[in-house]
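In what comes next, chain A is part of two complexes: it sits with chain B in the first one and with chain C in the second one.
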Partner chain A sequence: MSNLATVDLNFMAVAPLITLAVAALLVLILDLVLPADRSRPWLYAAGVGGVLVALLYTYQLWWGPAAGPAASVVGAGALGRLSTGIAVFGGHYVLDRFTLIFHALVLIAVLCALLMSAPRRDEEKSGYLALLLGAALGMGVLAGAGSFFTLFLGLEILSLNLYVAVAFERGKVTAQEAGFKYLILGAAATATMVYGFALLYGQTGTMALSGLAAGWHSGSTVLMKVGLGLVLFGLFFKLALAPFHFWAPDVYQGASAPVTAFMSVGTKAASFAALVRILLAALPEEPSRFLLPLWILAVLSMVVGSFSAAVQNNVKRLLAYSGVAHVGYLMMSLLGLSDRGVTAGLFYLGAYLFMNIGAFAVVAGLGRSGRDGEELADFTGLFYRRPGLALAMTLFLLSLAGMPPAAGFQGKLYLVLAALASGAGAAAWWLVGALVVTTGVSAYAYLRVAAEMFRKAEPAAASGTEGYREAAAAAHGPESAAAGAGAPFSWALAAVLAVAALGTLYLGVFPQSALALTRYVLPLP
Partner chain B sequence: MTLTFIVFLPLLGALVSLFLPKENHDIHRKWALIVSLVALAVVLGMWGPFDAGNPGIQFEQRANWIPSIGVSYHVGVDGISYPMLIITGLVSVLAILASWNIDHRQKEFFAWMLVLQTAMYGVFVALDYILFFLFWELLLVPMYFIIGIWGGPKREYAAIKFFIYTLVGSAIMLVGILATYLKAGLGTFDIVTIAQQANFDPRFQFWAFLAFFIGFAVKVPMWPFHTWLPDAHVEAPTGGSMLLAGILLKTGTYGFFRIAFPTFPEGADAFKWLMALLSVISIIYGALAAMAQRDLKKMVAYSSVSHMGFVTLGLAAAAGAVAQAKGVGDATVIGQLLANGSMALNGAMYVMISHGLISPLLFFLVGSVLYDRAHTRMMDEMGGYFSKIPVAGTILAFAAFANLGLPGLSGFVGEFFTFVGSFPAFRTLVIIAALGLAVTAGYHLWMMQRVLMGEGKKEESFPDINGRELAVSVPLMVLIVLLGVYPALALSILDPAVSQLMLKLGGM
Partner chain C sequence: MIGDMVQAYLALSGILFVIGAAGLMLRRSPLVMLMCVEIMLNAANLAFVAFARHLGNMEGHIFTFLVITVAAAEVAIGLAIIVLLFRERDAADVDDVNTLRG
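Entry: the complex of A and B
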């Protein structure tokens, strides 16, 4: 690593991240200087404005430095394959189109989360907004990590913010429990990961990801394998890949819908970026040979995720398990670590961004008086009360199930195509087979919700025969019979729903534009 | 452009209908009828320009869609798909007429019916794998809602079962599509191009054919993939049943004609015995199961399983004829054997067309005409309908005779061609299948005895068939008779395309 004198302090390269940090601070300061009863709109304006400026910077960088010549590509090895770009801050941060794609994903996710939070009364604290922005900052750093330092930094920024954001609803016991669980397990995962860093550093003598590959040639590969394994464990935890997923259902359920929507997409995206960078940098030739454990975990994820989702009566938990299955699908993009595969993974994340945030936006839209509309019973007869919301949810569910013409179908298409083309042989067929089987199972899980929405809610349904419905009715009191009927409707939420629905349809019907975009990131073979 | 117009007009109509006032129930059904009639008129308008002697693709249109991976918007029709297009248009119109008195959520019902039309037309005109798959999957969504919202008491179970069965089948098919695309190495998803240019080794053809076989066999449905069908049919509202039996089942066998057979001739060869065996089991099992039903609608549903067995038997026989021809050197014998195969294929297509007319008629009579009057579908609770409702009873008898294959009606022609064409290839199996015909005749006659004859257990009298119901029945009856006495009407269109498929199967 270079010494300080030659370190390239290129602040322009991290402009989106700086903007997020400034916006987070601005929100906190505004809360201090403005009178409490009038501060709310300004806080949201500062948050949303900050994200928009960051998106603008991302766009600018896309055509600027990131598109530049390959002269200063990190190393000549694996990272160079990704795209042209520049390494700044002494190689600790990489600015390339790969990074920027993830910035765009994370920024759109946080924007949606901020807008979804707007109608909620119980989160008028500026801290909440600052936490979301901070978490987005962490994800941005993680996506551009060029060394273990930055990787750790990004991971910790995002985790610390999310630990608090998850538990933010102080009155809610499940939120407290979720935050605590997330913190304890997350800390353990981070510690494991840091230990892995130490082992890898001991073997290679460098913190830069680009130096990892050299380690295989310089002696004990056992330590390399153990170190790499421990680092991956940490990322698998953040990705909620089975069997590291146990925190996800509780945390998703406990956190409020906007936070869940944001973290389910953002954390996955950023961790996926780090995973790709590490694998590309660390693995020698014939990478898929080393990744057998990853394929096993991917199949396990698909199976555990889809079967567990099929028996949930809480839609947030259902979406949490569905997320576990989707991470399993996402791992298919790493078969062969090819450009085509990673492109498919990026596309899938884009599709997942829209359909998953859309589904959570419906959950948020069904909520009232501080509670999300998350029980299956809240969805009963939704089509007859709020047809627009029900149709939007149907679209998101069908997309999650992988039905054309929604984005989820195109996503699966490219994943399977990439897997079959990867040349990974038996591993690819096992993954594809698992995808086929679990597609059927998870379709059942999603259709249960859809069927519930189109079920005619009889007058007696509130105290219906089925156990869960009774339980839900008892838990939420008399108002749950008409849950959602008079829920606060906000234009911000409607905008999120519209963006998510249009995005889901657009990526499904016209995937070419998104594919062309990712083509600049990873040239198609 | 003609085909694009036909495919997307109903979808556009569905979108427009969303803006029509919800309270005015009448406007929705009229709008859906008008849109479907326009689509049908355009389909029929193609009759003139359609060159029946040309075995190739006509009315072709092609545009780039996802150039990165070679997906194009490619549509066109030939002698195999054009008849299906006509049936689709006709049955769609009649299904909307049959659903005239849907009693709740009219707006959504007719919107879904229009979306379903887009998907059906799309499946029959798509010439790109991804486009085909898109329409194929799009069939599920409207049908899921039509069954799940407007269906009978067990509608949710039936709808989910239908959806999941087909979804898993088509997921396997999708893997087959992608493997085919990669193996062909042509960088295109074009169905026609891949069928013409790709050279697949027999081992790959085996696996690819298997993947498509599962996807299509679920839809047909062939025994043992049929269990979703009785549930879906019984629970579906009448309009849904008509389209399900008349059109949706045919998309499965159409897939064999359009994709599996021309693209993987050696795969078809490898599977011909299994396919013939499953077909004969479907024929016999479907007939026996139909005989065992008390529920009239379930009986018709199982008879669909039985009849679709003829279609797959004809397909298998074509592969069988090719295999026989490979073993001989004499050119005249080869010609004779291939002619048998052509005959079996023509018969299979003819059964598809004929069953596409007869089964909607039966489902309409059973699910609407009789049920609206008697409010039961149980045969033991009926009786004496010849005297109570003579016209409707006569039409039911007509449909039953058509379905059991009475000469002079369309059902006979297809089954006859299929049997004669298949016999040289699968002698024993065809003889066994012929026994199924006796069972078929048996359960139809027994049904007529229980439903139409006798005294009847209830004293109340019903009004006879009304004008709207006649408007649904008569066009189907006319076509059934016409195709029964003048087979050349359809064969002149079918034969060139079918003969070409036969040559392709024979590797010529």
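Entry: the complex of A and C
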């Protein structure tokens, strides 16, 4: 690309990523040097502190180099339209506000995941924390990828960490099974993607994303089309877009709630960033014809996700299928690849971050004795046992279903408006129609859980006995209930719930302020 | 001369990739499945190196190093998870790993 003297080794530009790596190492070292019985708080302090410092760096970069003049951007054409920032490390990493907003999303997600796991009493915390931080690092790299090198490395850093994090709970067979399935399918998707990179490299002769579009102008474009298809296959797999979603329900159910909450949001956000960059860089001037398969997959995702969610009795599986449907909605933001559409997609990801993490936090909060409160029966009569938790869950479910005043409604509204304004014609109407229909179906899925929470628990019901005992314990006061059920509820989990609930409401009631933020990312015409 | 050769290499790498993908779908032993993923990655490596020779730049060669390194990490993790999974239960192939359904 260029010789070493001219490569811009701007370590300040990747300060948030370096901070995450240092924090992960620090956690591991602290575990070695501190006495085992007193190390836990320090490990968490190091992890949470590292994420907070990374957030601070992200904020600094947002107003600093990322706001720089567009002229300094390496890579003309479609990718340049996205960027107001700078390209560093010889163009392999792009530091712009598009990257940074994904950094912020991922960092908030990993912060919530760290806090959610704080009440869990299991050993070997340091490895677990380092894995979460490492996965966040990979997502950050993926969001800022400017070439196949960084795309591949980011994807693998996040995947390898998550494979282990999913299988981490020792002695839990479902976790190991989920880890195994995720590993085999994920590795196959990665291999497919790498093969796609090889073909694209053969066509264009460069690894830089900015050089991709040139591949359309040289003779045969077979390599270009096949390569692009294989790369998109890998990304769709990571996004869990139907029909590449089959791993998601198993993995979401098997992994512990904090890991699931983090990976569902973080992986989707980072893969979405990579998808936008690749599509903007690779598609020829007239993109609508090439994107038809994407719309078919989006509609399929919405249908499969919402109908499958409606028949689930496991709340984690339900949320997994809901995630599949939400990715379908998210794909609407790519109609016409307009700035307005991508802005709506960013807003939707923000809304999904808060409502999804909130829902998983409730699942984690209901957990007892090393198990998450994930069965529908765990939610029976929740309102009469823990009204606060039940009301929070209701808010998140309403938001996921897309009802005002929660964030999910505004998110869908912007997606529909952007789709109709994109000038994509019939495709836009098909997608909007599918969104409306599947929203109705998935509302049934979510409200089934909500109704379960407000139903009085029947002592006779076989599955309700535990709930009944807990209800009886609750009558003796909150302390005895907490002790009796062994519920790992804590201030950390409460903080996550509060942040998620506030975020969901704030984005729902004052969407303009957040939308103004995303408008910094993409200079609107 | 090289122009003709790159097509031969590409054909070979395509065949390797298909062998890997087919093996992944048809075989039921977790170890063999992991090997099939490796074949797919090496098919990509072959294509990278062939294209790099053909195009006369180094980027393809460098990417191959990355892929080899990452593949090693992937296999290490894969073997660890497989050992963990199959020590706990008396299962010989992946069809016995079916706790998660629905």
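The rule we apply is simple: the second predicted complex is superposed on the first by the 498 of 525 C-alpha atoms of A that agree within 3 Å, B and C clash if a C-alpha of one lies under 4 Å from a C-alpha of the other, contacts with A are read in each partner's own complex, and residues count from 1 in each chain.
We take it that a contact is a pair of C-beta atoms (placed from the backbone, for glycine too) under 8 Å apart; a residue touches a chain by one contact, two chains touch by 3 or more.
Given the structure is predicted, the values throughout are model-derived calculations rather than measurements.
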| item | value |
| --- | --- |
| Side-by-side fit of chain B and chain C on chain A, or clash | fit |
| Partner chain(s) touched by A:194 [first = chain B, second = chain C, both, neither] | second |
| First, second, both or neither for A:39, with chain B first and chain C second | neither |
| Touching partner for A:174 - first (chain B), second (chain C), both, neither | second |
| Which of chain B and chain C A:443 touches, first, second, both or neither | first |
| Contact breadth on chain A, by residue count: chain C or chain B | C |
| Superposed model, angle subtended at chain A by chain C and chain B (C-alpha, nearest 10 degrees) | 140 |
| A:210 touches, of chain B and chain C: first, second, both or neither? | neither |
| Three-chain overlay, closest Cα atoms of chain B and chain C, distance in Å | 24 |
| Touching both chain B and chain C, residues of chain A | none |
| Complex contact set, residues of chain A against chain B | 398, 401-405, 409, 412-414, 416-417, 420-421, 432, 435-437, 439-440, 443-444, 447-448, 451, 454-455, 511-512, 515-516, 519, 524 |
| Interfacial residue positions of chain C with respect to chain A in the complex | 6, 10, 13, 17, 20-21, 24, 30, 33-34, 37, 40-41, 43-44, 47-48, 50-51, 54-55, 57, 59-60, 62-63, 66-67, 70, 73-74, 77-78, 80-82, 84-85, 88-89, 94, 97, 99-102 |
| Footprint of chain C on chain A - complex, ascending | 1, 148-149, 152-153, 156, 160, 163-164, 167, 171, 173-174, 176-181, 183-184, 187-188, 190-192, 194-195, 197-199, 201-202, 205-207, 249-250, 253-254, 312-314, 317 |
| Touching residues (chain side chain B, partner chain A) in the complex | 65-69, 130, 133-134, 137-138, 140-141, 144-145, 148-149, 156, 159-160, 163-164, 167-168, 171-172, 174-175, 178-179, 181-182 |
